[in-house]
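Note that the chains take the letters A, B, C and D in the order they are written out, and that residue 1 is the start of every chain.
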Amino acid sequence: MRPSYSEVAREGDLVQLYGKSYKSHFIVLKHAQTLQTHRGVIAHDAIIGQKWGSCLYSHQGNPFYLMQPALVDILKNLKRNTQIMYPKDIGYVNMVMGIGPGQTVLEAGTGSGALTCAFAFLVGNEGRVISYDRKAEIQQLALQNLTKINLQDRVILKTREVELGFDEENVDAIFLDLPNPYDYLQIVERSLKPGGFFGTILPTVNQVSLTLKSLSQENFAFIEVCEIMLRFYKTDWERFRPTDRMIAHTGFLVFARSVLGIDPAIELPDPGE
Amino acid sequence: MRPSYSEVAREGDLVQLYGKSYKSHFIVLKHAQTLQTHRGVIAHDAIIGQKWGSCLYSHQGNPFYLMQPALVDILKNLKRNTQIMYPKDIGYVNMVMGIGPGQTVLEAGTGSGALTCAFAFLVGNEGRVISYDRKAEIQQLALQNLTKINLQDRVILKTREVELGFDEENVDAIFLDLPNPYDYLQIVERSLKPGGFFGTILPTVNQVSLTLKSLSQENFAFIEVCEIMLRFYKTDWERFRPTDRMIAHTGFLVFARSVLGIDPAIELPDPGE
Amino acid sequence: MRPSYSEVAREGDLVQLYGKSYKSHFIVLKHAQTLQTHRGVIAHDAIIGQKWGSCLYSHQGNPFYLMQPALVDILKNLKRNTQIMYPKDIGYVNMVMGIGPGQTVLEAGTGSGALTCAFAFLVGNEGRVISYDRKAEIQQLALQNLTKINLQDRVILKTREVELGFDEENVDAIFLDLPNPYDYLQIVERSLKPGGFFGTILPTVNQVSLTLKSLSQENFAFIEVCEIMLRFYKTDWERFRPTDRMIAHTGFLVFARSVLGIDPAIELPDPGE
Amino acid sequence: MRPSYSEVAREGDLVQLYGKSYKSHFIVLKHAQTLQTHRGVIAHDAIIGQKWGSCLYSHQGNPFYLMQPALVDILKNLKRNTQIMYPKDIGYVNMVMGIGPGQTVLEAGTGSGALTCAFAFLVGNEGRVISYDRKAEIQQLALQNLTKINLQDRVILKTREVELGFDEENVDAIFLDLPNPYDYLQIVERSLKPGGFFGTILPTVNQVSLTLKSLSQENFAFIEVCEIMLRFYKTDWERFRPTDRMIAHTGFLVFARSVLGIDPAIELPDPGE
């Protein structure tokens, strides 16, 4: 992903070609190459130099919109062999954990790399993402996904069980996307900068309860548990109304910050009150 | 805001001192200065060199946690004279509109500058935020807020009515935080890069309906309307449950992308189905 | 429906036989009759005298639970040719409109009769439900549904366009399940007892807005608009969590009460504040 | 509460006088009596014979609407010394548990009697509500509330600990509004008609999890856990939008039905899927 695109598609750009039946193709433009689709062939050279937002046509006459993909478009179309985090959750994680240019962020597990891609996008060229997973083949898929959007240089993938610990120290933020984060909080504390941000996502309340118990036994404060619910609306302006169905649950988000020496005189915030 | 903090607070760092009764102080550390609070005085020199996450004490013995603030902490404590956008909404806006390092983002109106701060944080040193508002005094407050967190260099504030048009062309994304975005869509199209991202937030359904009508009459596609609902939970692991009350409504988010030449053969996505 | 069931199923009882693959059969027990199912035959005489909650078997050995159906079970299994109201909405309508034994309730349109069944169940033997619909064939289905649960004697079905007016006066409550209730509010006022309850359900905000406009021009007060959202949880006690998907929208409920002589000195309640 | 009211208020009617500042008075009309309020005096004889929905005036000239109260109005204004169930939850409980005319319903504990009032209203003159609570003084308040709305004859209050068991057998439905329903499921089974309806409401997920565990160990099926969320909207038709805040949580509703002899070949419904 280029940081910012020009008005026209150029060689090296990651482009999204959005065609019929909601089908998208993501390619990096390269002179003399062609894109083969079920709806016909398009030469990269026929794309290079076209204005973004244009409607292009394959040799069979099928239309495609030429778009620069947003992070959310990439995440929705990621190759996956595991459940991936939803943009609604990633967006809020970024806000609470302060993810931005120049930071060092650690995550485990890598999974299909959706959150990895989001972190890599946001930390920019000066930042760094370290991602642990115990399965090498899963990390291969994440690496493919990162490479496709040209963010692989910002990410260090390590194949290792979390219980063996992390190599890093003083990272800005640690996110665990694992079933049992409550077992690894001391490992988190050793690698997290004091005052740093911890986050996790968990599907069941039983896991959340265990995590809250463990957090209360370690040096964490500013603990927060929440859910993000996203409700879409139908876009007919004369018949405006919510969609009939929605995703009701993806996971509970748990956040906390490591502290040194808890003083009970300080009341901690009770979010939502 | 330094991109990434070291293990200890250093001169020039933006720090949050979180004290009793949920009261936070945000200061940039400077040798020989002091922080005056209702709970006593702390010398900046007594903070410089301390580990993040430490509990420090004023001359009266009142405790404060030394924290590096996340974007969300800064936004919550922003000086304001207008309603500001909530982190839950900003987080999702960033995802859908692809805000990240190196981009050029335009917004109107500036208001108290919450979204301006978020955009400025995310676009990094290579990015740029241009923010219009018709009231100079409101922009003064936004400038104060930006300066406090040292992001003022990434932002260009312009005092002007939107109906007079924007100076910029080919910006990556435009966000309108105004009551009547439906009146300005042609102005948006002129300044937005083809294929670029448009977004707005509106409190009432009547405004959303008018905006959808206008969008359907201009060259926009990939229109999406949604709401983000954030539900907090009480963090007692033995009595885990949602909080009693919640924010039920902040605004409807409307997103669209400009396109050149709409081909009706392409079905557009219907989010949420 | 018998008002209250004995411990065993008796002739004349409406019973639910809940079998494999979530398939239910609703029958009124009658000596010497048989129930034919895709999973085998059961004689009514083999059901009469059995304890409720028992597991019975067809001649092919397929199991069925013998249950006395609740209103909600009947509604879920109603024959329908129109969208029917959901139990979550009907339950709240009953509370706000004070539906109970002995009352006279008017509705239009009848549709498949789900709300008709609910009203008929609740008004008891002394109550009365009058239901208008412009299509006779739709009312035939409602009549079948009412007869199946033996509540037909409490309901008077009238085939007529609402714009021609209702015959009744001074009814306790009127519910309109129609696309344009805003066109019929004067007709409602003529048939509703002063102080009586008006209710309607509408899928789009445009319809709600028009209805609110019309209500404000007639003699109605205590106006209330709400939505009922029902979130189910998976029932595994070790992995307790919300279901993945939910019904996001059925309709907006609008309630009001007719009044004689509005005094602006009386502040009306603002629900939800 | 009269089953159905005439067009005018009559002696013996329960009336609601809704005055300034959202203040309501509930009285049973009686010849020669007077109502004393902070906004002046009204003689009952000045109310008897007036049309419902009229605006009446005290001797000081303050206005009051004369309304026949719905169940929901009574519940909202109930005297209470405990948290009472919300109408949104009661309405759904009634639907799922099939509460209606002629039934026998048992509850524990009585609390301030909100659910008791609702059940008593719905079971009609032929029905019966038995309500247990271990505290006599709490039941006194419930009795006052029931007497005020003239439903006391349908309710039998018993002062006893639940662990001592219920006297009744074969009741149609049992609702436990207690912190630990999971301790009493065998007691429930002994008093509930086979196939009958069990329900409970619980604030925390920990309690729900324990209840689900216990239910899975007893003869219960058709287990369902849900939450009812009620979202109000502001009623300005030109600025239609949700209210800013809402009640986010009252309790989780748990429902089940007793069965005799569970056959694992029968798949039980998974609500919400």
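The working rule: contacts are C-beta pairs under 8 Å (C-beta built on N, C-alpha and C of every residue); 3 or more make two chains touch, one makes a residue touch a chain.
All of these numbers come straight from a predicted model, not from anything done at the bench.
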Of C-D and A-D, pair with higher C-beta contact tally: C-D
Classification of the chain A:chain C interface as same or different, half of numbers criterion: same
Mean-CA-position distance for chain D and chain C (Å): 19
Distance from chain C to chain A - Cα centre to Cα centre, in angstrom: 45
Chain centre separation (chain A, chain D; CA means) in Å: 46
Multi-partner residues of chain B (each touching 2 or more other chains): 205-206, 209, 231-232, 238, 240, 243-246, 248, 272
Contact footprint of chain D on chain A as seen in their complex: 205-206, 209, 248, 272
Chain C residues touching chain A - in the complex, by the definition given at the top: 203-206, 231-232, 238-249
Chain C residues touching chain D - in the complex, by the definition given at the top: 1-7, 18-22, 51-55, 62-73, 87-88, 90-98, 100-104, 118, 121-127, 170, 172, 193-197, 205, 208-213, 216, 219, 221, 223-238, 240, 243-246, 252, 257-263, 265-267, 269-273
